[in-house]
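Input: a single structure, listed below in structure tokens.
Residue numbering begins at 1 within each chain, and the chains themselves are lettered A, B, C, D, E and F in the order written.
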Amino acid sequence: MSSTTPSVRPSGRAPSDLRAVSLEAGVSRYAEGSCLARFGNTHVLVTASLETDLPRWLKGQKRGWVTAEYGMLPRATHTRGRREAAAGKQSGRTQEIQRLIGRGLRAVVNLEALGERQITIDCDVIQADGGTRTAALTGAWVALAQAVRYLGEEGLVADPAAVIRAPVAAISCGIYQNVPVLDLDYEEDSRAEADANFVIAGGADGTAGLVEVQATGEQRPFSEAELQALLDLAKLGCGHLFDLQQAALAAAAR
Amino acid sequence: MSSTTPSVRPSGRAPSDLRAVSLEAGVSRYAEGSCLARFGNTHVLVTASLETDLPRWLKGQKRGWVTAEYGMLPRATHTRGRREAAAGKQSGRTQEIQRLIGRGLRAVVNLEALGERQITIDCDVIQADGGTRTAALTGAWVALAQAVRYLGEEGLVADPAAVIRAPVAAISCGIYQNVPVLDLDYEEDSRAEADANFVIAGGADGTAGLVEVQATGEQRPFSEAELQALLDLAKLGCGHLFDLQQAALAAAAR
Amino acid sequence: MSSTTPSVRPSGRAPSDLRAVSLEAGVSRYAEGSCLARFGNTHVLVTASLETDLPRWLKGQKRGWVTAEYGMLPRATHTRGRREAAAGKQSGRTQEIQRLIGRGLRAVVNLEALGERQITIDCDVIQADGGTRTAALTGAWVALAQAVRYLGEEGLVADPAAVIRAPVAAISCGIYQNVPVLDLDYEEDSRAEADANFVIAGGADGTAGLVEVQATGEQRPFSEAELQALLDLAKLGCGHLFDLQQAALAAAAR
Amino acid sequence: MSSTTPSVRPSGRAPSDLRAVSLEAGVSRYAEGSCLARFGNTHVLVTASLETDLPRWLKGQKRGWVTAEYGMLPRATHTRGRREAAAGKQSGRTQEIQRLIGRGLRAVVNLEALGERQITIDCDVIQADGGTRTAALTGAWVALAQAVRYLGEEGLVADPAAVIRAPVAAISCGIYQNVPVLDLDYEEDSRAEADANFVIAGGADGTAGLVEVQATGEQRPFSEAELQALLDLAKLGCGHLFDLQQAALAAAAR
Amino acid sequence: MSSTTPSVRPSGRAPSDLRAVSLEAGVSRYAEGSCLARFGNTHVLVTASLETDLPRWLKGQKRGWVTAEYGMLPRATHTRGRREAAAGKQSGRTQEIQRLIGRGLRAVVNLEALGERQITIDCDVIQADGGTRTAALTGAWVALAQAVRYLGEEGLVADPAAVIRAPVAAISCGIYQNVPVLDLDYEEDSRAEADANFVIAGGADGTAGLVEVQATGEQRPFSEAELQALLDLAKLGCGHLFDLQQAALAAAAR
Amino acid sequence: MSSTTPSVRPSGRAPSDLRAVSLEAGVSRYAEGSCLARFGNTHVLVTASLETDLPRWLKGQKRGWVTAEYGMLPRATHTRGRREAAAGKQSGRTQEIQRLIGRGLRAVVNLEALGERQITIDCDVIQADGGTRTAALTGAWVALAQAVRYLGEEGLVADPAAVIRAPVAAISCGIYQNVPVLDLDYEEDSRAEADANFVIAGGADGTAGLVEVQATGEQRPFSEAELQALLDLAKLGCGHLFDLQQAALAAAAR
């Protein structure tokens, strides 16, 4: 799966190398949970907001909800994009991403244990260099976990440990110059033959479960063997991310 | 992958059974290509429209474009949904689906060979019983192929065979009561532990390539073995669909 | 009113000829009432949906409501039109038509006898060759009547016969090459000197009442005598349509 | 058609009486044509604006266009209505009315003689007491005629008399307490059994042609005899309105 | 502050001259309060509507609310502007103005004394020649005062005098050809070096308080001395406007 | 103007104290100019983007344009606000602020010297504790200056020093517990009797000119003396800000 020959990657990384990743929890003065997730030059600010006013369809159901919104600052990218608030609507891409993040988080949350409250995750991309959705989801779990810890500390939830069943992280992979590589940056992403996003839940015993697999042949169809290679890289990457998530939460608790 | 015990499926189908599928090409009086795709009680009407007025970003690039739109009649489903035109916007789900369809078709189209023209695929769900996006994409390829044949007959494209490199079809699969099953209907889809959509391109020699894999753990994470089982079912199903696509095109040519 | 000389009509029809009309009730698997109305190449799919959630302005008034929505598939016509859901709003034409249909149906409905419930009529044009609004309204009455019959069968309404006071049908007429003609197709409609839509309610004794008259001079003003000729044609046409409506309902009841 | 018994009308008017009508041309300081139309307590301010920038679909066609927009001040009525600009869209009613006005005016305009320019008619209801659309159209013709006169005076149109082929006016009628009456006010309009709007073009020799007939049974269907009675009233009323239009234009020319 | 040399102003006015101002209260047949405010060729129709249905955020707070909306007829100006209802949104300028008017009125209203009701002020510019926002606000106070008087007469408010603590008026000033001048018309406004809008509350003893100061350097920054000169002009102008407001209210009471 | 008695301010600051202010230029990897402006807990990220595609109304005019957009992350504040992109429109407050910023910057820019190009300033509030619009404008000038320096370095502008005529900065002031104070934080702002925003241009010789004055009586009208006191504070504050702007630019140039 990985190559010992000189790297094909523009960054010189080995195929199975993540970029420099940092997750910093507690960066927002006001939000109940927050995380600044940096994957190389991709920087995403995530906040988790406890909302007291439940959406109507959720009232009286004895369970809560976790939802996500995603946005990108207009000049997060090489060329300025149109501000979605000025355009008057969110793009299909934005909606696809925020649906993915919300779904991925809910996969590990016990909504009954959360109680009749909503946690809204805001993921705002400050700077983008590929992999914003996976960085967002990885940081979102940290912000969510911090918010749930706050619920426990405030006595609003009896057993915070029951609310989040497992960690969840996400990473992109792709076939670049016919080599499966981990954690694409923008230069790779824009020229990859295929790319994929994986959302993976961590198990108590180090095992992992697949929460979401999205793989797309951009330049050509891909084979089952290639899909397997990408999946193997993703498991490797998410293993590292689970450790960084725990470290970020621990640092913020001090 | 399949089970010899009594079927767990509400319909009584075996795990690897498709529903009754019919693809009928040429159903529209006006469109250059069209197909009524029926997967059991899921009925999708697809048209392929040749558009002479290229979007601005495409002009002068010596290549064409294929794009898709998706809609659902308000009472296609058990309970009436709000008409998107009245709501004033397309839902995130709608946008996600039409992006998937367009991407899946373009994966097998040679846009340079198509020339400076756009083909717009409209997929309108007349009746929905699960699997609308995969039925739409499978029918969309038929409508597109008919429209490209029209381009050849009219002398607008020199070599229509060069425009579409391969057939492409799509099918859903899922884990239902812990059994991997093919082609979910609504009752299965709404209660599946995991579901997946596969877009697969047919090869000249019977081989196939993966164009898109989207798998989601709805009730729980899923394992690699389960992903493999779903993929095996999808390949089986798409093999049947490729045959039905060719038959529909042949029938419409008579 | 009719002419014995060679027909001026592109279709060769006599001035007082309807196109081949078929009304098929019960075509939707889910809707409480439905009808596929075909007037020649104009095909409209109508569903009647029983809605349990009344609009706020109607609550507590001891009466119900009947409303209609109208849409056209983008490639129902010779050239593709923009999808209204993508455009983000319904055109003035669409709104005008759906207001006409709702008004025409309510003219024969006893809203108190319907009780505190709403029936929403969706009219979706699958294929258009002129006269879509009148075909839609004619089919809408069938779908509505089927839904009211369902209300009776379910014991939700004590006396379904009291809910719908009379049949209602609609037909277009026009002055084409200075001859008043019935049931314009698109080729006639686009070149007519004047056109008109009539909504007519059937009487128990074969008499009829006017529900709506909309006549427009497209190329020139028209005379009172011409208006009278169009009205006479419309009465003739609606007489036939009343018979077809009853037959469709009877066939669906078997 | 009219009654010699005590009037059924709340205002005490005879069935064939118009309200006090005044048409004042040239009320706007800036517009090329304008008219304040007052039908009793219904007051509509109309401007005709010469637009140098043609809509794209009209360019290079050697003809012009006349279009209309309609609006109502939020407190023109007994209770405040929502401002359409704040609501973010025009209602179906608004669009229906502005389409009617544009169509009615174009019926008497020679668009080739107008040349490659657009005249936009704005009809804004300052105060509403029924019949706003017919008052608007009647005043709109005056504003349009003044604007065309301006085109002649400025030498922009060679033969202004050729541009407008005939006067056009509009009036509402209705069946109120089973009596056909002319020019409904709001109190009548809200309780009429049927109402109708007629747009009528004046002939050079005093004859008139029908441009638009819109009649609706609000409380019950109406008969052919009733339609005829309403039409007779409308012709009478429009005869008066043609005189007032000419007088308004003459007064503004001084 | 004023100049004895020949006027620099296009209108020939002295620097401290208002245009001919008239305020006419009670011009609307339906509104609880109304005022037609004319500042030269700037004409604004203002209505004050008593709304029984409070916005949700205000319910149960034992106080009321005063809010304002602003609009301009499309041809109020030299060239036609796009109708905001057709454009589907209110411009930033419109929102800025209506926020200013609402804020200025609320500065002198005792919302607790008003009770749990909302008064909505609609300011519609019939004709514009500069200074529409200040004319609107000056007329809005008259309409508001008339509506509050109505509340007292109807016994809905115990002490109407307690509801409005002071009169409030507004006027524009500017630096035109380096001379501070009062009440800019459009020609001055479009070429002024700086312009300013002042909202001033009248005191019981003839003193005045500043409610809002908005001054902008359009062609160049301005000095403190210039700001002072503009403020002195505004106080002078508002003194006249307070008198006209009282006279308008008195005339409407007769 | 300032007080020697114990501070009334929640923060303990003296009335004429700014918060801790830092301006950091060059924080964005991609933008031609950028600045992170921090005024205490108010943090605004500003980018300046060089846009090659001019708005249509500006083409061929031999001058450029500077415009600004403003946004706030949903959880920048104590409670989460609705995301404007999801709401589908920018609030009146947002539009008012972005208009202020654009106007303030253009007051010191020579648009002819800038040439036919647009610079778009994006101001995104990461965290808000009062004074976001003035922090944004102060940082925006730094980002703009950096972008203009880039234009010079790239040889796109012959004389970058001619493009920006002067520095411009902004600061808020207010009357808090009857004391005029500088640079309100949120706690002061929400309870101030009056607040004001000043935009001030720096002179070559240390003199300053007023670009914009916006003062509002929130709890009561304010006096001329109070306005003067606020203005004096603002001049003091902007003097400091000019120094910080120059230092930020110098640091980024190294």
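The rule is short, and it goes like this: a contact is a pair of C-beta atoms (placed from the backbone, for glycine too) under 8 Å apart; a residue touches a chain by one contact, two chains touch by 3 or more.
Note that this is a predicted model, so its numbers are computed, not measured.
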item: Number of steps on the shortest touching-chain route linking chain A and chain C; value: 2
item: Chain whose mean Cα position lies farthest from chain E; value: B
item: Mean-CA-position distance for chain D and chain C (Å); value: 29
item: Intercentroid distance (Cα basis), chain E paired with chain B, Å; value: 60
item: Sequence positions of chain C contacting 2 or more other chains; value: 88-89
item: Chain contact graph, described as a line, ring, star, complete graph or other shape; value: ring
item: Touching residues (chain side chain B, partner chain A) in the complex; value: 89, 91-93, 95-96, 98-99, 103, 107, 196, 200-201, 208-217, 220-224, 227, 231
item: Footprint of chain F on chain A - complex, ascending; value: 28-31, 34, 41, 45, 47, 49, 51, 69, 71, 73-80, 83-90, 94, 120, 122, 124, 126-127, 129
